[in-house]
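Chain lettering (A, B, C, D, E and F) follows the sequence in which the chains are written, and residue indices restart at 1 in each chain.
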Amino acid sequence: MSKRVVTFGEVLMRLTTASHERFEQSNSYNINFGGTEANVAASLARWDVSTYHITGFPNNAIGKTANAYLKKSGIHTDYIKFIEGRMGLYFLEHGVMQRSSKIIYDRFHSSFSQLEPSLFDWNEILKDANWFHWTGITPAISASAAQICLNAITTAQELGITISGDINYRRNLWQYGKSPLDIMPDLISKSNVIVGGLTDFKNCLNISADNYEEACKKIQKQYPNIHTISNTHRETISASHNKLSAVLWKNNTLYTSQTYDMQSIVDRIGGGDAFMAGLIYGLIHKENTEALEFALASSVLKHGITGDANLVSVEEVEQIVNGNNIGRLLR
Amino acid sequence: MSKRVVTFGEVLMRLTTASHERFEQSNSYNINFGGTEANVAASLARWDVSTYHITGFPNNAIGKTANAYLKKSGIHTDYIKFIEGRMGLYFLEHGVMQRSSKIIYDRFHSSFSQLEPSLFDWNEILKDANWFHWTGITPAISASAAQICLNAITTAQELGITISGDINYRRNLWQYGKSPLDIMPDLISKSNVIVGGLTDFKNCLNISADNYEEACKKIQKQYPNIHTISNTHRETISASHNKLSAVLWKNNTLYTSQTYDMQSIVDRIGGGDAFMAGLIYGLIHKENTEALEFALASSVLKHGITGDANLVSVEEVEQIVNGNNIGRLLR
Amino acid sequence: MSKRVVTFGEVLMRLTTASHERFEQSNSYNINFGGTEANVAASLARWDVSTYHITGFPNNAIGKTANAYLKKSGIHTDYIKFIEGRMGLYFLEHGVMQRSSKIIYDRFHSSFSQLEPSLFDWNEILKDANWFHWTGITPAISASAAQICLNAITTAQELGITISGDINYRRNLWQYGKSPLDIMPDLISKSNVIVGGLTDFKNCLNISADNYEEACKKIQKQYPNIHTISNTHRETISASHNKLSAVLWKNNTLYTSQTYDMQSIVDRIGGGDAFMAGLIYGLIHKENTEALEFALASSVLKHGITGDANLVSVEEVEQIVNGNNIGRLLR
Amino acid sequence: MSKRVVTFGEVLMRLTTASHERFEQSNSYNINFGGTEANVAASLARWDVSTYHITGFPNNAIGKTANAYLKKSGIHTDYIKFIEGRMGLYFLEHGVMQRSSKIIYDRFHSSFSQLEPSLFDWNEILKDANWFHWTGITPAISASAAQICLNAITTAQELGITISGDINYRRNLWQYGKSPLDIMPDLISKSNVIVGGLTDFKNCLNISADNYEEACKKIQKQYPNIHTISNTHRETISASHNKLSAVLWKNNTLYTSQTYDMQSIVDRIGGGDAFMAGLIYGLIHKENTEALEFALASSVLKHGITGDANLVSVEEVEQIVNGNNIGRLLR
Amino acid sequence: MSKRVVTFGEVLMRLTTASHERFEQSNSYNINFGGTEANVAASLARWDVSTYHITGFPNNAIGKTANAYLKKSGIHTDYIKFIEGRMGLYFLEHGVMQRSSKIIYDRFHSSFSQLEPSLFDWNEILKDANWFHWTGITPAISASAAQICLNAITTAQELGITISGDINYRRNLWQYGKSPLDIMPDLISKSNVIVGGLTDFKNCLNISADNYEEACKKIQKQYPNIHTISNTHRETISASHNKLSAVLWKNNTLYTSQTYDMQSIVDRIGGGDAFMAGLIYGLIHKENTEALEFALASSVLKHGITGDANLVSVEEVEQIVNGNNIGRLLR
Amino acid sequence: MSKRVVTFGEVLMRLTTASHERFEQSNSYNINFGGTEANVAASLARWDVSTYHITGFPNNAIGKTANAYLKKSGIHTDYIKFIEGRMGLYFLEHGVMQRSSKIIYDRFHSSFSQLEPSLFDWNEILKDANWFHWTGITPAISASAAQICLNAITTAQELGITISGDINYRRNLWQYGKSPLDIMPDLISKSNVIVGGLTDFKNCLNISADNYEEACKKIQKQYPNIHTISNTHRETISASHNKLSAVLWKNNTLYTSQTYDMQSIVDRIGGGDAFMAGLIYGLIHKENTEALEFALASSVLKHGITGDANLVSVEEVEQIVNGNNIGRLLR
């Protein structure tokens, strides 16, 4: 049977203007749901990995619609809680050409931010799991969210489950009185696989380095649980044209990927989550460089798909890695 | 020159599912803006009444889009404030046949609810005004909103401006620690024209009566500033089929309107505001029954128009009142 | 082989707001093409009557799109002319409930209005035809359009072809210096089948009567070529709810139809043309009452179809006449 | 824990023209999925009944999309098979006013019709089930579909599970060489709850009767396993306006429901399945008349919802039964 | 008068997801019609070549809609047959960036595949024709389709009509028991103009060669009726970015075209058919290189047009060939 | 307080096919409003410059919708006239790849073209203005439009207001009997800032030059009021890919901008107006090169925005100039 992955984090409703319209122009918003951890879960579920996402939704039609979205994605929703409150939202306007993409968050006071830690029995939830995934978004939302995240990580560690964390530092969150350095080092130190860049390391671990390899060495020295560190590198020519590559630190080696030229970009939201999902899948099923290239190709494909989730198959990702059928017409 | 009306109240973004889709079905929401007081202002502006709406918006693209909507509607926006915070929202699913319409409010913590009373200089705002309009939604939102409303009404009374209030009691609001009876009697007592029904009078004035005429007499006795009281009566056969009539108490007389049979209803949101706008316009320009019938016909037409605002002309309303061209094809 | 019908008249581009939106609300207009005579042709072509429509289009992509629409409808376009100029347009807003439907015409200076009579060789066009159809819209547009219409009718009469005319009086047209009474009596007098009501007869023939039967007798006495006169009667409860019946004067007898109750009306434009097409088809294939009921049922079905053309089959019309499968689900 | 229901039958892709457009007009088709048994499952899953649907899909993106639809609906898909072949389709054009709705089926040669009986281990599938539901569509599709249906019913009977069958006779199916009377009596005789009308009984059981009560008595006498018989009665005024009532035979008594007047009908497809689901739910949770009224109100609500599935809650159905909040605006 | 071209082949309904959505995402499919031979006919009809397409449609609303599409395109439909059966379909998902485009065919058991050869009197159909066009899709569909194709080609040869064939080898078709080498050599040998590449020649003629020129020489030697051989060459950088060039073998000379850089590709389906149509038009109206460049520019423009048909004028193609107004704004 | 700019010119309704559809394909047109001078006003109003646009609209719902659009854009509409007549229109089909964009104008006989000069009291309109802007479109439309433009310019000159003119020569206009050289030199000679290229100078001033610098010197010598001359240079690789740069002649110096590579172009209509608006804003607020670069970056951003108006902020333009956040994702 396939590996069982558990993810934890907030799911937001995303309201996107049509095509590349600006907020002022749009008379309707396209609706979908996403969140960095749920996006990872959606990819893995699609790749036939048995996946459970843990979160909380408002107990109304909007929350139920979000839950149905997860089910449709193949994610198990057995442990999701419905409580009073509101759905976190974000408004998105896709950039194009030289113009930036814009997100307006409206996620404060959400149901998720007010979940009680006692709602979740992590020994039960993680019972048969092989992998637990979290990101730095969650501890930034509220004290209780940070506490639940810590509970989950602690339990996972006790159960000997592999723990991955995407540091994902966002300055605008962290409004509840704690700073990243108060919270993050503890969470990261218990993890085995982390994704982040030099800025993340500086802000969440207070580790500075001249280059990525040096940073990895420092982190691994200080936090011996962490055996794998990875990150993507994006070169932005315009909103429609980016270049993407990635690195993987493992076994005391820095593996470097090829670079993809991405033109006619459709939707870059979730590109990092597609990388994270690809990395988890790759680390389970493949060796170092193969894992890294799988993760990167997964991310590249995401840029051509509308919505947060990366609706591609393992075979499609592997074809990109192998340079087969790229951009062809398959009958 | 035409009368100058000032309205005060929150404007919400409305997110409506397409056609009669349920929330679970809809992949896009239609966007428009509305609020009971701004809806009144939109009607009056369309009828060439110089109208100023007073409110607060978040200082972002969503708030600016709401502001542009008011401008497009012909409303003057000179005194609107842009502050930090979020836009209040509501999600709407239109009912049809026997199925109810559903609203999910997401308006707590909005910019409007956090406006500082000191932001508004009512002597300046009301300087050349002839009419001030408020509703019972505003004092239900927050203590500061209630305070601003009171400031406005007090100033209007001092300046000798006609004051209208739509009592519009909503139990689900009033979450900030005050009850309607703490706040509403003071506001209502300073008003001259009020719209409400027996439930409103009970909850907001603690006045009970066996019938509407008796209630009006009691109110007028207790609150001599109030010279006009009105209300609509809706009979609901289904979401698609309603009957609508109205009454007007004035000059110690209860005027009763004709009853309209409304089939194939498109959008009933704002029907009450269309009545209120029609009543203000009617009381300025017409006599008793004519004013009432104008207000009612305005409301009937609203039920056939998508969105909160009643996009009809004075001539169109008068044609309904006069029974001309009803449902015809005008070339 | 089936009857060959020739129709002559202007085709307009129709720009319709979505659903029942008002002009101010609509960010896109649905596009289709229609004209009273072409609508008749579209019905007949659909009913396997070989049909030629004669008109003129601007020699640009808009004109070619209009022409392709006629082809798609099964109408022969061999004699259509492409000249300089503009496409006539009309903007349409569907009413609903008590609100009227509104048309804004923008048809002046169109290519059609500037067609040269010498462009059309009616002996060639009408060579194998059995029926020629015109309406009172055409002679109202311009002197040259009136002249071409007269040429066509005169030739048809010489060739012994049945001529039908839908009087269709519109006061707002007739802007080129002639009045209906200058032009119409000559055209009508050469026709054999006319559709019109008392107002049409008054304005275009200067014939007054107390009732329809009396009018028919007067017309037939004065214009012996006319052997058939017909009209529909519409009772408008609202834009969404009409009742429709019709009369047919023939063989010195006034035949009266059943009355249809039409609720949930979708699009009444072209309802009269659907009647006219049904009448032509009925007069060719059926006897008096059967012809009248076929014409009326054709018109009723049109009210449920978006666009100018009546996209129904002979069998569907006959099922309505026979009361079979009305509103059922056919698998 | 809630009852566990198992349903078996084909799921089709439905392609519907926009609004009430005719096939000739539509440039896009709305896509959804449905099938009479899966529609029943979707209702029950929504009402928190643990429900498993058994079917076969083509092993391509279309089949996977259909499967994701079932998951989104809350249905368990654990036993669904993916095999070679095509998805069965149907094209739908909603009628309106006097015009009929039209379905064009394109379901022959589907993957479902070619499922091997050996693919399904019914002892495993029905292990913890309390209820098995089938319809007369399935045995009409192919010999193997009929065989699988018989296998399921036989196993269910052995396991003492309640069996319901919706006879649903369709003459146009039954193309594989067997007639209904060859197959259906065996299947029906093993069932406990059946839905059907006099025509169904005549064609599938060769039982004739003057009225429904007489038919029920004959059926029960001949097939003692059947303890409950029910049916709806539809009066069609137009495609937009129907009246609906129902009867239930149980305990040797014929219970008769109220009659609903349904105007402004949105989508009648699945109306019978909504009744069937309501009946199953009602028979489990309620007594005779209450069960019948619940089933009927469920069906009425379905007529206002786009798509095959009845997206309503138990509370919403019960409010209709109780006459509460019908067509209101719920905030 | 212009040349009269006859084409023969199946027309499919195409169901395309919106924008670049994946099948799983799309709630509506855009509908259009196409088929390789009909696409050629549509181009030629648009270029004022009198064109007849021969095919068979199901005798239902879907088949009639397909037929109306051909009429709208200016193609003569006089010889098209309506028989029982289903419309062949294909589902299309446009790729973008590195992601491939995907087609799911659902064309087996179509009406076209079951046409009787006796339905078509090719002497009558080809009476005044100058050119007959077929492709290798048709003989791959069914034995009867192959027979009809052979009948047409044989008759065309007898009548001295130029015959063009686009070999268009598709391995997934050819399911009725014959292999390409059983059928194709006979059909190709009677043709005068063929389009194909080395793979086509290998599979359908059993001719291998190291390069295109050698292949052409071998073909012409073996099949002396063939005087013209051509093909396009596509370099795929991504689904959004291709390069396109072409070659033409004629008069014992291999002509080579310029190479176009195609970015922001909209729809590549029908690109080959646009080349074929351009080649037929070019061979009739132009000399060698001019014909080749016309065909290639026609194909390039197709990549920017949604749908199967190449909606461009001769002037627009010639402007591309001449490098005029490329990508400009023409007022 | 901010600068007060007055603009004068026709506003047209624009009807655009969806995506890149050709006119023949489109079943709906997107509606927006624009005109070269109003587009400049819309940019300036958005940049908090108090802006009045002067024009005339038809006195119907279409004209009122156009007026509401200007209000929504933040433009003051106090001096706009509503008269009889029709709205000028243009139909637009966006090109893509090698295919050109196409405009079909339908603007003759518009209300604007028939405005009476006496309707506008320029002393009143320009009372507190600092800047007046006109373009060469206006005097090309009709004799009265040219006269009103001259009146405005003459008054502005008398009042000492800065006058800018965008020469914008269009051969297809100028149908009322005057040539550009009859009218334009007088209007240009009174202006202070002009935008144009060598072709404009030749046709509207009869000034020829070998290069831009020489032309500027000649113009300034002959027309000493002109102190600033500017223009953009566009290199068209395809409809989707242009390069854009600009020059500014001022203080006897020719300033040259950077060149932008614009891929994935969305909508180039209004690109010149965005430059003009940026130039006016730049000349008021910035020095030479900074003004030029601001204008150019404004134009570049416009190419990524649907519709005529450039919906960007000053900050967004400045970020492009400074190379910050180009094409990023801003949260």
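Following the convention adopted for this analysis, a contact is a pair of C-beta atoms (placed from the backbone, for glycine too) under 8 Å apart; a residue touches a chain by one contact, two chains touch by 3 or more.
By chain, with names taken from UniProt: A, B, C, D, E, F = Sugar kinase.
Keep in mind it's a predicted model, so treat the numbers as computed, not measured.
Number of steps on the shortest path from subunit B to subunit E, with steps defined by chain touch: 2.
Under the contact definition stated at the top, the chains bordering both subunit C and subunit D are B, E. Most remote chain with respect to subunit F, judged by CA-atom centres, is D.
The pairing of subunit B with subunit C is characterised as different-residue: of all residue numbers used at this interface, under half are used by both copies. When subunit D is fitted to subunit F on its Cα atoms, the angle of the rotation, on a 0 to 180 scale and to the nearest 5, is 180 degrees. Ranking A-E and C-F by contacting C-beta pairs places A-E first. The mean-CA centres of subunit C and subunit E are about 41 angstrom from one another, to the nearest whole unit. Rounded to a whole number, the gap between the C-alpha centres of subunit E and subunit F is 46 angstrom. Residues of subunit E found to touch two or more other chains are 22, 24, 27, 68, 102, 263-264. All chain pairs that count as touching, in label order, are A-B, A-D, A-E, A-F, B-C, B-D, B-F, C-D, C-E, C-F, D-E, E-F. Residues of subunit B that touch subunit F in their complex: 68-69, 71-74. Remark: subunit F residues 260, 262-266, 297, 300-301, 303-307, 311-312, 316, 319-320, 325-331 touch subunit A in the complex. Looking at the complex, you find that subunit E touches subunit A at residues 19-22, 24-25, 95-103, 105, 170, 172, 236-242, 263-264, 268-269.
Residue ranges of subunit D in contact with subunit E, taken from their complex: 15, 18, 22-24, 26-32, 60-62, 64-65, 68, 86-87, 89, 91, 93, 102, 104, 106, 108-109.
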